[in-house]
Every structure is written in C-alpha cells, then in structure tokens.
Amino acid sequence: MMLEVKNLVKEFGGLVANADISFELQQGEVLGLIGPNGAGKSTLFNCIAGYYKPTGGQILFEGKEITGWPSHLVAREGIARTFQGMKIMANLTVGENVMIGAFCRTGDRRIALKEAGEILDLMGLDGETEAYPAELPIASQKRIELARAIATKPKLLMLDEMAAGLNPLETKEIIQILQRIKEQRQLTLFLTEHVMEFVMTVSQRVIVMSAGQKITEGPPAEVARQEKVIEAYLGERYAKGR
Amino acid sequence: MRQLLIDIFSFGDRPRFEKIGFLIFILIVFIFPWIVTSAYGRAVMIKFLLFALFGLGWNLIGGYGGQVDLGQAKNVGFGAYATALMIVWWKIPFWVTIPVGVFFAVLESFAVAYPMFRLKGHYFAIATLCVALVWKELFIFWDWTGGARGVEIPIRTGVDFAYMQFNSAIYYHYFILFLFLTQLLFMNWFRKSKMGYWVQAVRDNEEAAASLGINVTNTKVKAYCIAAALGAVGGSFMAVYYLYIDPDAVMPLDLSILIAMTVMVGGAGSIWGPIIGAAILIPLDMYLGAWLGAQKRLGIDFMIYAMIMMVIAAKEPRGIWGIIERVRKKRSR
Amino acid sequence: MGIKKLGISSFVVILSLLILLPNHSFAQKEVKIGVILPLSGPLAPIGKSLKDGAELAADIVNKKYPGIGIPIADWEGIPGLGGAKIKLVFSDSRGDPAWGAEQAKRLIEDEKVVGLLGAYQSAVTKTASVEAERAGIPFVNPDSTSPDLSKRGFKWFWRVTPHETWFTRDLFDFLDGLVAGKAPGVKAISKSELEPLAVAAENTEWGAASLTEIEKFAKERGWKIAEAFKYAHKATDLTSESRRLTGSKAPTFLFASYVSDAILLVKAMKEMKAAPRLIWGQNAGFIAPDFWKTLGGDVNGILSRDVFAAVLGKVKPEAERINKIYKERSGFDFDGSSARDFIGVQVWAHALDKAKSTDPKALQKALNELNIPGKELIMPWKGVKFGSPFPGDTNQNELGSGIIIQYQGYPDGKPEIVFPFEMATSKLIYPFPGWK
Amino acid sequence: MELTVQLLVYGILMGLVFALIALGLSLIFGVMNIVNFAHGEFMMVGMYIAYLLSTYLPLDPLLSLPFAAGAGYLLGIVSYRLLIHHILRGPMVAQLFGTFGLMLFLRYLAMYIFTPDVRSIKEGILVGKTLSMGWINVDASKVFSAGVCLLAFAVIYWMIYRTKLGRALRATSIDSEAAKYMGIDTKGMNALAWGIGGATVALAGALLAHFYYVTPTVGMLFTLIAFATVALGGFGSIVGAFIAGIVIGLIMVISGQFVSELKFSFIYIVYFLVVVFRPRGLFGW
C-alpha cells in the first residue's frame, strides 16, 4: 500500500474543509481527485504534503505514519508535488531549478547536474537549461515544475491542477510526458484537476469530493455517470452557465 | 578532494567576459601597492578590500538568502573584540583569535536566529537592527570589555606576523587581500554547493523549497550563521589594523547599513556584486570626504553620495551587476 | 537611459582618477600641519570652534599683528624657518576612529604634513596618533582630555591640555575651597550643605573616563556620592535621568555631557524645578556657544570647568586682544575649545621655530625640550613644558591648569572665572539661583 | 508612589509624541509596504520650520504648526513623486536603500543650509513654562503636545475609517491591484499617504521643537524609535502605533530612571520579544 488516508479531518477555525476523508492508493496506480471549486481538494493535498496539520485522522505512507509532518520531511520520505499557482524560483535558471530538486537525494553537485540534465531531456527542455523561467511560456514553466518534482526521485507524485492554463495541445503533450515518466520511474500519481477531461484520460480511478466530503470513488467512466457526481460537480457548472 | 579543489578554484561556469574581468581585477589588486604610492590610495584600497569582504559575507544572507539583515555590524564587533581582548589580556597571537571571534559570532547568531526567523520582511529587518544595537549598548555598558573607553592594542614595532602588526601599509594590503581571497573562494564554492542552492531556493520561494525536501528554517539559520562567521573575520582584521576599537567604531548601525548598501549597489545575489559595490562606494565616500569634508559649507560630499544612492535605487534596483547582465543579454541576442 | 548610466559611471571613474593623481602645489615656502577635527556629525558645532581657533592662530603666526603682546603675533611666518608660513590642512574625522586613522595616513604621507594636530574626541585621537607613532611624525594634541592618552608611552605624542584627572582634581579643590571659605564673596559653607554629590556622565569614552575620575577623587577627598550613573548619549529624552538626579535630593549636580545632552538636561531640570545648590559641568557641552545661545538666561549660575574664558582679558590683556580679533572673525567670544586649538598651533609654531627644521627627529627633540613661559600664552597657564605631572603620564604638559567658570548675567553676560580663587574675576553666585 | 506617578506622567507625555512621530511611518507602510528611513528627517524639517518662523518672524511657535504640517505634506508628496514612486517596484533592499539615500540627502542639505549648530526656540507662549500639579512639574508645551497628538490621532482615525477618502486609502492598502480596478487612483492614494505621513511627522517636529533642540542630525534616533514603535504596534495599524508609542515612552522613562545606559536596549528587547510571539506586532494583521 503506497498511501493510506484514514478519517482525515481539517478545520479552519470551525470551518470544515475536509470531513472524515478516507482512501487508499496502490503502488503504481494513477488516482484522480475531482470536485467543484471549494470542495476541499487543495486542502486535502496540502494536508498530505505537510503544508497543513490535519485536525484529526491519520496519513500513512508505505505503512509509516506521516500525519502532521513538515513538508520537507514528507518530501524526503518520497512524496513530491507541484503547485496550483506555479511556484518557480524566478532568480535561478531552469537547470538550477531542477538541480535543487535533485539535491534532495544527493549532496554532489555533479550528480545533481547530471540528473537535472537527464530529466530536462525527458521533458523536452534540454535547450533551455540556461534560460530563466520567466522567459519561457507557461507550458514550459509547468514542465519545469514537474521536472523539479521528479528530480527529488519521489515514489508518489502529487500534481495540483497541472492542466490549468494550458491549451488542449499542451495538455496532450503533458499527458504524454507524464505517462512516459510514470513508466520509466515507476511512479504512483495522485492528481487533482478542476477540468475533468485531463483526469478522466489519465486516471485509473477517481475520488470525487464535494463540500469537504468524499462522495464517491471508482473508475472514471463509472463515476462520471453517477447522479450525485453530476449534481455536485457538473451541476455547479450548469448553474454557472445559466 | 580533487573535486572540492576544483569547485573552490574554478570559475569555469562563468561566462568568458567575467573570467577576463576577474583576472584583470586580481592582477590590479596584486600589483596595486607597487603602482600607487599614495598612502591614502593604499588606505582606500585596504578599506575597499575590507568592505568587499564584508559584502561577500553579507551577500550570503542578504543576497543569496534574500533576508534583509541590518545587523551585520554586531558580528564585526564580535570578531574585533575577540581579537583585541585576547591580544591585550593574554597576548594570544592573532591567528588563534580569528576562530574564537568566529565562534562567538556563530554562537550568538545561532541563539537569536530561531526566534528571529519567525519574522519576515520588515519585521525581520528591524529585529536584526535591534539585536545589533542591543549588543552595541551592552558592549558600552560592560566594564570588562573596556566599555565606552574601548580596547587599545599596544603597538609593536617592525613586522610581526604573530600579531599581524606592520609598519607598512603594503603588508596590510596583502594581509587583507589574503583574507578577502579566502572568502571569495569560499563563496565561489558555496554558491555552487547544495547549501548555496538551497539558500537561493528558500529566498525565491519558501513553499516550493520545502516541497523539495529543504528544511527552510534550518537553511536560513545556517546561512545567517555562516554570514556571521565571515563578518567576524573582517572584524578581527579591523582590530589589528586600527589598533583601537570601541563599540561605536566596530558595531554601529552605520556600519551595518554601509555593508548592506555596498552589496545593494553592486548587485545582491551575485558573486561580483559586493566587489563592484565596494569598488564604487568606498573610494567615492573616501575621496569625496577627503576632498569636500573640511569645506566651509558642510555636507556636499554626503549629498552627492546620497544622490547616487537614490538614483541607483530608483533606476536599477538590481545594482550595477543588473546593468551589466542586461547589457550582455542584449548583446548576445 | 544607457547613456545616462554610462555618464554617471564615467564621471565616477574620472573623479577617482583625478583624485588619485598626486597634487603638487608649488606655493611659497610653507609648513603644512594636518589638523583632524570632527567637522561633521553630532560634534560638528564644537569642531567649528576648534577649527576657527586653529585658523586664527595660524593667521597670527603668519601675519604681523602688532600690539597683541605675545611673540607669535610679531612673527611673519616662523622665524626659525626663514619666515615659512604655517599652512593648516584640515580634515574631517566624522567622529569615527577608523576614518580619523585613514585621514591621518593621508595627511602624513600624501599631504606630507610635518605633523598633526587634533583630534578632539579621545577615541579618534587614539587611532590617529597610532598612525603618527608608526610613521614617526609628531602629533600635538591640544584638545583631548582622556587620561589614557598620555599613559601609552608614545614617543611622538604630546598633549598640551590638562587631562581629566587634572580637571577633576581642580573640581575637588574648588569644592574643598568652598568649604574652607576661600571662594570670593561666599562665606564658608558647611560640607553637609554640598553633600552628597550626584553625577551624570554620557556613555562615550570621554564621559566614562570623567565619571571614573570623579568617583576616584570623591573617595580620596571624602565626598559622599548619592547617584553616579552613565546615560545613553544623543538621547531622545533625558527626563527620567534628570528626575533621577532631582529625586536623589543631592545638592550638587556634576555633569559630563556633550552639547545636545547638556541642553536637554538643563531644560529637563528646569521643567522639574530642580533646586540644587551647585551645578557643575565638565567642559564640552557646558561651554559650547550653542549651549548658552540656546538656553539664554537659564544658564546663569551654572559652573563649568574650562581652560579659557573671554573675561581672562581682565587679568591677561593679551587674551582680550586676541578675543577681539576672534570675535570679528567668527562672531563669538573665544572659548575653551577655540583657545585650546589656538594654543595647539602656537605650540607647533614654537616647536618649529626651535627645531629650525621640519625634520621629525629635530621636531621630536624640540617638542621634548619645549618650554614656553606663561606670559607668551593667552592661556592662564604657567607655560607649556612636557613631562609627567601625574603618575604614568608621558609628554603631558606640566604647566597647564584649568579654570572653573560661572555663567553670570546671561543672556547678555559672560562666563566669569571663579576658580582658581586668586584669579576670580567675579564673586561666586552661591547657591544656584534656580530657574524662573 | 511619588516616583511612580512622575514616571507614568513623563512616560505617557513622551510616549504620545513618539506615537505621533510613528503615526506617519505606520500609515505609509500600511498603504504601500515601505519603510521610510528619512522619517526622522521629515521631522527635522518640521522642527526647522518652527524654529525659523518663530525666530525670524514675529510668530509664536504655536502658529508655526500649520505651516510645518503643510511643509511636511508637500515634502511627502514631492518625495513620493520624485523618488518613492520609482523605487516601489524594486525589492525591499532597494527600497530601504533609496529612503536611506533620501535621509542622508535631507540631513546634509540641512547641514549645508543651517550649519551643524544646535538651536532651540527661545520665546513662545508655552516655551519654558512649567505646570505644577502636586508632585509633578511638567513643561506646559509637553502637555500641549500631548493634546495635539491625541487630536491628530483622532482626526487621522476618523479620516481613515469614516470618510470616503479613507476607504479608498484602506482599499489601496489591502489590495492595490483590486483597488485600481475599482477605479481608485492608487498612485494618488500612495502620494496622499506620504503627504499625510509627512504632515503628521512634521507637526510632531514642530511640537518637539518647543522643548527640544534643533540640529541637522536630530532625525536618526527618532527614526529608530519610530521603527521600533511601528513594528511593535504592527505595521499599518493606527491604534498599534498609538499604544506602542505610549509603551515605548514608558519603557524609556522607567529604564532611564534605573539603567539609563541601556534604555534603548530595553525598547529593542521588548520589541524583539513581542514580535517573536506575535510576528506581526501587537495590532498587526
């Protein structure tokens, strides 16, 4: 078992953002997390990644309890993540950004440099090593974040809104890259997405959240048909449309 | 081992014009005392190297680390006092006193760093300023440090390498040059090391840094302590160079600010920034002061100095190095 | 935009090049003396007085001023050097010891001065005189009073002014004299009327030294001290310090303060209607023109130790004449600061005249053997002769002396001399009249 | 008892003046996140105006208050337009650096014009008058200054929280981007904050000149005290500046009574301890 979340609760001053969430994640699986805005997806992510201390419940990673651990220790344990709003080190070059990820596992600059080069190759960013992130388009910046996370050699990779702000073509490319890396590095993926299309193509299984609650889980195609999911998730969209 | 040496001495990753510039710079400082015979010119050069050294240390926390520390003078003070007091009390040779000064500076920085790094931005800047001023007042208050009367190191005649006292500025020149180069090479290694990258990652984005396995607080504390150590070395030099120190001379607010300013002017977060900054501010200050300082109407020298500071802050907040980088980028395109 | 920046940077480069080039001046025969003074920063007002005094002295040496009555006024340049003129090269110390040392280097080696004068603040004098000592160039110090300075055994350092130990002894001679009934116009006062003492000193090198000396002498002479403390100088507020003095109910207040603090202290004491019998200040702030200009009538009755007062003219006509010239030039009366640097330049003139050379060794010898009789000075001193008046002193003027002045009849009055009693120019106002 | 009452009174009176000095700094910070090193120099300008008007014109120094405030307002606006506006984009260090340059410039400009002489106002209705109440003797001008401080705080508080202009200022301080979209002239608001900041601190200077000396270098120490005050109260908080000013006045007077040499240390230590436990100051958000 890669990740186990048991009865996770997170409150912000009385406001319940995650209420009694439980789920499991198998080695090598691709799990999607979907739900409308404000459903508590990011909170759940942040609880696992150590940005928030859960109010209650347990998080186990490979059988080890990591509940409430600070994020750098969670990262060392083997959980890497990307951010919804991009958090790239703007004053460092693309290569250096990825190197910093690699330094998570090595103290040797040469090894880090080599690994960063390999990952950037994989990402199709090998020509931009010396560039500064701000000089590149959004899609490339997303890839830098991804590359940086992968450089920490994670077992579990958590992707927060990877496709936000990308056009369909770019999304497709990212999906290809992800699948390639997943194969190569035997990664387990946990991704949250506001846009359904992305999750549905990539995930083997999805969890649906609404108003802080987990309402259902199952294979994408199955889940998408469920009444309550359409109501909670798509309902919002239709409501907005009208 | 070989790798370490390469990391320390190699500037290979820098563009060619930087390497050439650096070589010319080294050449100039090496032959400087033989081409400039003016004592003031030599004194300016020594002070430039001293402030370039201070700048290198501050750059670690203020430039690479992005933490606006306005209290570096306290570390200079620790170094200076450790050296002066040990020489006066126990006649301990200079070289032994350097690690002691460094030790106290690091110890103090470590002790205040954890509470201090709970603060951010301006709160942090003012806290560093406060801590430094408290130390200054304590050194004035205490009798055992000589209080306000300061510490005077007895003059030794001739050339004395144990206590680093010389009757010629040339010795002091190579002495400070040695200390400066040591720190420059250290910084050259540091900026390429894991720690160096971590410090920069924390500066740019703390949350992202944490997600990459970096202990943010620890990294800041370490950077703060290393910067303190580097500052203390310069303080030790000041003690044997001026032979008299008092709290107003080695730990005033003005010194903290001047150190930060040199790095700012040169370009924070770049290895050449502190050197460029000191090369501009120190001669400017010293020549303007010597030239206009004793005029009937006072203050012109400071006004010119202030104007230059304001223009740089307004037009090029990334300092002179920012200008150089931009020009180069434009040309390479 | 680029051109602008280029302009600025090339301006800087050209500027530094211009200054780096040695400047040769082919003026007439002159002897350069480097003068380091606090000309900017908080002590700049005093620095200005010091500078004016030194400039006047150089002018008097260089030009004929008939009828003044001291030898240097009749000189036209230094006779022993064939009429060479004294040229003072001033340098701002910024009140910073490191800066002072660098300026000393510049003056010695680049300006090629034959010797140095200054530097007022004892901390700056310490570093600047180290440079002189190393270079083997005479440093004449007319204006720093820290006892430490003459205790270092330097061979190239001579101090003209009496130091703090000396002045503090004067203070206690004065207090004992009051008890013995020696003060003009005041009957013998019982010691209990003046005891205990309350002392406030600012916390720089000088204030700390003053406080130590006062405590030492009080113990020696058997005076009780109720409060003795140092306060943070350049204060934003000294109310509570004044309250502490007032609250101690001591009848005698002694101060060691620079001018801004002295003003605040007097204002705060006035505010609190403090009623001491005696207020004595240790020179510095208490004699600065800004002190009495600012406080006007509030200074009446305050005492300060000094080395010179304009009223000296009553007993020393030479001083009166010099004072007249000085007042024309600067608008103020000669005071202890200007007088001290005046005499500093005068000592230099005599030493150069005696040495008949600008060679350091000759000057060293001349200074060591210098003996200027009191009548050639404008100071109320027995003369200038370097020796060891207190244990541990080297090259300290033995023949100097201090006076204690009292402000009387301000805002239009003058400081009157009340000590030494035999030199008193007026009756002592006792007890302190209080503030209106 | 006597001692306690005296210290309390002196501390609070002094503290109110510190609070008024700090008010402008806090306001400026609240609106645009910038610390002004030249703050004490603005105060110095107010002091010189009071001094010049009362010495060279037959004006009572009290009448110079509006002129000082006006001059402070102008100085604030001019500094904003010529310098601050340009350095706002830069990193924090560059901002500190720019205002530090402004500080040096103003200080030495004053040195150039007025020489380093120490001056003070000699005549005025309140100058040098002492009020006696039982154990306590206080300078009448300090009492008056305290009154003006209270009034100034009331006016500024009313302005910020009760007027349309104040709402616009607050909107700018909370989110300047959003405020811009809502049609608020944020640049104008920034300039206004500098103007008000300059006016209040120059007013404080003119009041201070009644019982303090005037010299070009007077500003720095007050700047430091103002920094500690504002940071202690919480950057941008008006109530915070008020309370912290009084706290600092009291610390200063009490420590001055017992360990005068370390009195600034106590202020800094109290600041340090407060922010360590409340990293945004007493009233910061």
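Remarks
Labels for the chains are A, B, C and D, by order of writing; each one numbers its residues from 1.
To be clear about the criterion, a contact is a pair of C-beta atoms (placed from the backbone, for glycine too) under 8 Å apart; a residue touches a chain by one contact, two chains touch by 3 or more.
Everything numeric in this text was worked out from a predicted model, so none of it was measured.
Considering the contact criterion stated above, the chains in touch with chain A and with chain C alike are B.
Of all chain pairs, the one joined by the greatest number of contacting C-beta pairs is B-D. The distance from the centre of chain C to the centre of chain D, with each centre set as the mean of the Cα atoms, comes to 36 Å.
Once the centre of each chain is set as its mean CA position, chain B and chain D turn out to be 32 Å apart. Work out the mean CA point of chain A and of chain D, and you get 49 Å between them.
Centre-to-centre separation of chain A and chain B, using mean CA positions: 43 Å.
The set of chain A residues that touch two or more partner chains is empty.
Chain contacts: chain D has residues 111, 115-116, 261-262, 264 touching two or more partner chains. Of all residues in chain B, those that touch two or more other chains are 137, 140-141, 298-299, 302, 308, 315.
Pairwise chain contacts present here: A-B, B-C, B-D, C-D [touch as defined]. Residue ranges on chain C touching chain B, taken from their complex, read 1-2, 5, 8-9, 12, 15-16, 19-20, 22, 37, 39-40, 44, 51, 90-92, 94, 96-99, 101-103, 105-106, 108-110, 123, 126-127, 130, 133-134, 146, 148, 152, 203-205, 207-209, 230, 232.
Chain contact summary for the complex, chain C toward chain D: residues 40-42, 44-45, 47-48, 203, 229-232, 234-241, 243-244, 247, 259-260, 263-264, 267, 270-273, 288, 290, 293-296, 298.
Touching chain B in their complex are the following residues of chain D: 29, 33, 35, 83, 86-87, 89-98, 100-105, 107-112, 115-116, 216, 224, 227-228, 231, 235, 259, 261-262, 264-265, 268-269, 271-272, 275-276, 279-281. Those residues of chain B that touch chain C in the shared complex are 36, 38-44, 47, 137, 140-141, 147-150, 152, 154-155, 167, 169, 238, 242-246, 248-249, 280, 283-284, 286-287, 289-291, 293-294, 298-299, 302, 308, 311, 315-316, 320, 323, 327. On the chain B side of its complex with chain A, the touching residues are 3, 7, 192-194, 197-198, 200-201, 203-205, 207-216, 269.
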